[in-house]
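Presented below are the structures under discussion, each in the form of structure tokens.
Both complexes below contain chain A, partnered by chain B and then by chain C.
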Partner chain A sequence: MSLVQTLFYMMSFIALASAAFVAATKNLVRSIFMFFITLFALAGLYVLALADFVAITQIVIYVGGILVLILFAFMLSGKETLDAIAQQRNKFISIKKIPAFLLAGLFLIVLLNMIFKVDADNLTWIKRAVTVKNEILPNSSMTENIGINLMTKYLLPFEAISILLMIALIGSAHLSRKGERQ
Partner chain B sequence: MNFYITYFIIAIGLFSFSALFALFGVYAERKVSAFIQDRLGPTETGKYGTLQTFADILKMLQKELITPAAADKMLFILAPAIIFIAVYLGFAALPWAPGLVPAKLNLGLYYIFAIISIETLGILMAGWGSNNKYSILGAMRSAAQIISYEIPAGFALISVVMIAQTLNLQDIAAQQGILSPEKIKFSGFWDVSSTGGIFAWNIFRAPHLLIAFVIYFIASLAESNRAPFDIPEAESELVAGFHTEYTGLRFALVFLAEYSMMFLVSMVGVILFLGAWNTPLPNIGMVQLATWTTGTTWGILWIIVKTLALVGVQMWIRWTLPRFRVDQLMALCWKVLTPLAFACMLISGVWRLWLM
Partner chain C sequence: MISLTDFLVVSAVLFCIGLYMIVSKHSAIQILIGIELMLNAAILNLVAFSKYDRFNNGGQMFALFAIVLAAATTAVALAIILNVYKQYRTIDPGKIDKLRD
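Coming up: the complex of A and B.
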């Protein structure tokens, strides 16, 4: 087995094991810190797939932003509330969980379908891209490529997302404003 | 397999460098603070107290590692390691001299920015794991401060990147001296590609980058939790903030991280704004000062001198200015630094389009 394969299996194992821990543990704060390991292993997998820009963005946004905000919410909610949640008795199968099971099951079917149907080694669009030299090599620079594509081919989705973010920003600023005195 | 050994040697070298710097930094901090407050500082251990920090670290190595009974043991033990590793990983992408860089990443700057943000998580881990109200207050203050100040710092960095057109730290460094592959102009009008020296540094390439540098420097003080932004460990209110419960080697690790962070943010500032490993001496006619003082050894010397000067300024500020209140801290970040950083970014775009 080559080094790349070893690394791939190692990081996939870490990602899966830590994700299982996140889902199974009762200690919510620990599960958040474990989620950090999951995200890091995923970032490693992105690097192996030559998507280093995506890997670093994942760390900036999820680890530096979202995880810290989730932890903030935990720390503001106090130990008693968290203990109460941890002590809740949970049966594995219950009425409340049916929608979740349904969604997860359907998604699993879709994924399995994909895996068995797709012949990953000879996809037509990949072959076409290789013949017209429209591919990214290990030593080519990702950032320029992403920048040019965002400003040309994907300009409309890019602008739509920026407007969405703007709306969220204005909305949160409005919500956090002090109410006027009646 | 030979290059794997090189990797290990480089990693160990960077670690021992940060440890040595922490030893030196603590001593310098005590001497600088003593000078500013008109005291003597450490004098007893060794000549002029030079062995004081060695004595301190010996004491810390011998101390018992106390874990509070009510602490979340896993998080408590892991936190100092994560705080330090986050800073230590950042050193991997920093260039030291022409052609001398541990990891040649074409996303170097972005990588450092990402890695630094992991430190917040370690601090929150320490605060929560200690199960102490002072620790948790300190950790929350620290996280709030770091994620707020990342925004002006990020935009100040982007305004440089827009001028330099690359995220590769080695390329940004090379653009600021006589080795530059492209034409450099001193504030947009005077061609200094062959003159080099201090005139080719990024802060002089475009005048607004001077403002961006000040914004970055202020934000970097906040990100390394140094005074006047040290409310996370405000001694008068919070005992010692997030590291209240740590003893011995773990406490030493937290301190090592703080000093390494000071060096890291200063070095990033030097690379982006103050000419990295380029010499400050320009070529004047026949006197080719810049050509004589550019090279691997000179590069290492210049970058260390400049970084230590910035670290010195950090210490000077710490012992001169009083601590900010939380609301003042946030007002400074959101109402002053962030709009200014945005303005810098805008000017950078215009500058790149019309003046370069």
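Coming up: the complex of A and C.
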């Protein structure tokens, strides 16, 4: 087993275990901080998938932005939030959670079944990509290519998403301002 | 090397944990975290397949777009959660069952 594979299994174990902890714990603050670890481990998985730029973006935006936002919302929404969570004093699998557990478990079975049936490593387009050298190698740097593609091939989605970010900025500022018309 | 199937299995498990959180949790913030987990599972798939697209970078590009979209969505959703809290004094989606008037 090579070093890369060992790292992959370690990272995916950390990601899955911390995600399971996020789902299982009753302490909201602790679950938010464990979500932080999940995001970091996912950034590590992106690096192992040879997408370093996406990994850095993940750390900057998710860990730096979204997590702080979630913490803010938690702090601003007061003590009743904690009470609502403290009411559900039961175990990970209780009678109330069986439907959710069944849904997630059966969906997982369906997904895994499909993944093993598809056998993604032997798809025709992937084989073709390997033969025509259209494959990212560990020593190739992709950031320059991403920048060029972003300004040429994907310019329209880029502009559309910038407008959408503007709309979201104005919308959330409007929603969260102190309401004078209540 | 790491096979694509490994990535797909990890992202499937993450997706199902997110689904479980969305269905079973009683706080809007935890449901939001579940949605983020599902989005991250999808992004992991995009990135894993993007390894075989060196010249166009389709997967990585749309992974970037998805990350930015998730940030925008979260900002709006949290503003809505704060408003709901102001109105109802709770953020349990099961107890929010009235319209404004």
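Things worth noting here:
As a convention for this text, the second predicted complex is superposed on the first by the 140 of 182 C-alpha atoms of A that agree within 3 Å, B and C clash if a C-alpha of one lies under 4 Å from a C-alpha of the other, contacts with A are read in each partner's own complex, and residues count from 1 in each chain.
Just so it is clear, contacts are C-beta pairs under 8 Å (C-beta built on N, C-alpha and C of every residue); 3 or more make two chains touch, one makes a residue touch a chain.
It should be emphasised that the depicted structure is a prediction, and the values quoted were computed from it without experimental measurement.
In the overlay built on the shared chain, the residue A:22 is in contact with chain C alone; chain B does not reach it. Legend: residue contacts after superposition of the two complexes on their common chain; A:68 is shown touching chain B, with no touch to chain C. Ranking chain B and chain C by residues of chain A touched puts C first. Using the contact criterion defined above for the overlaid structures, shared-chain residue A:33 touches chain B, although it does not reach chain C. By the touch criterion defined above, A:108 lies against chain C but remains apart from chain B after alignment on the C-alpha atoms of chain A. Applying the stated contact rule after C-alpha superposition, one finds that A:142 touches each of chain B and chain C.
By the touch criterion stated above, A:53 is placed in contact with chain B and with chain C alike. Across the superposed pair, chain B and chain C both touch chain A at residues 53, 57, 65, 72, 74, 142. If you check the complex, the residues on chain A that touch chain C are 4-5, 8, 12, 15-16, 19-20, 22-23, 28, 31-32, 35, 38-39, 42, 45-46, 48-51, 53-54, 57-58, 61-62, 65-66, 69-70, 72-74, 76-78, 80-81, 84-85, 87-88, 96-97, 99-101, 103-105, 107-108, 111-112, 115-116, 119-121, 125-126, 129-130, 133-136, 140, 142, 145-146, 149-150, 153-154, 157, 161, 164-165, 168-169, 171-173, 175-176, 179. Within the complex formed with chain A, the chain C residues making contact are 1-10, 12-21, 23-24, 26-27, 29-30, 32-34, 36-37, 40, 43-44, 47-57, 60-65, 67-76, 78-83, 85-86, 89-92. Of all the residues in chain A, the ones that touch chain B in their complex are 27, 29-30, 33, 36, 52-53, 56-57, 59-60, 63-65, 67-68, 71-72, 74-75, 141-143.
Chain contact summary for the complex, chain B toward chain A: residues 72, 74-75, 105-107, 110-111, 113-115, 117-118, 120-121, 124-125, 127-128, 136, 139-140, 143-144, 147, 150, 167.
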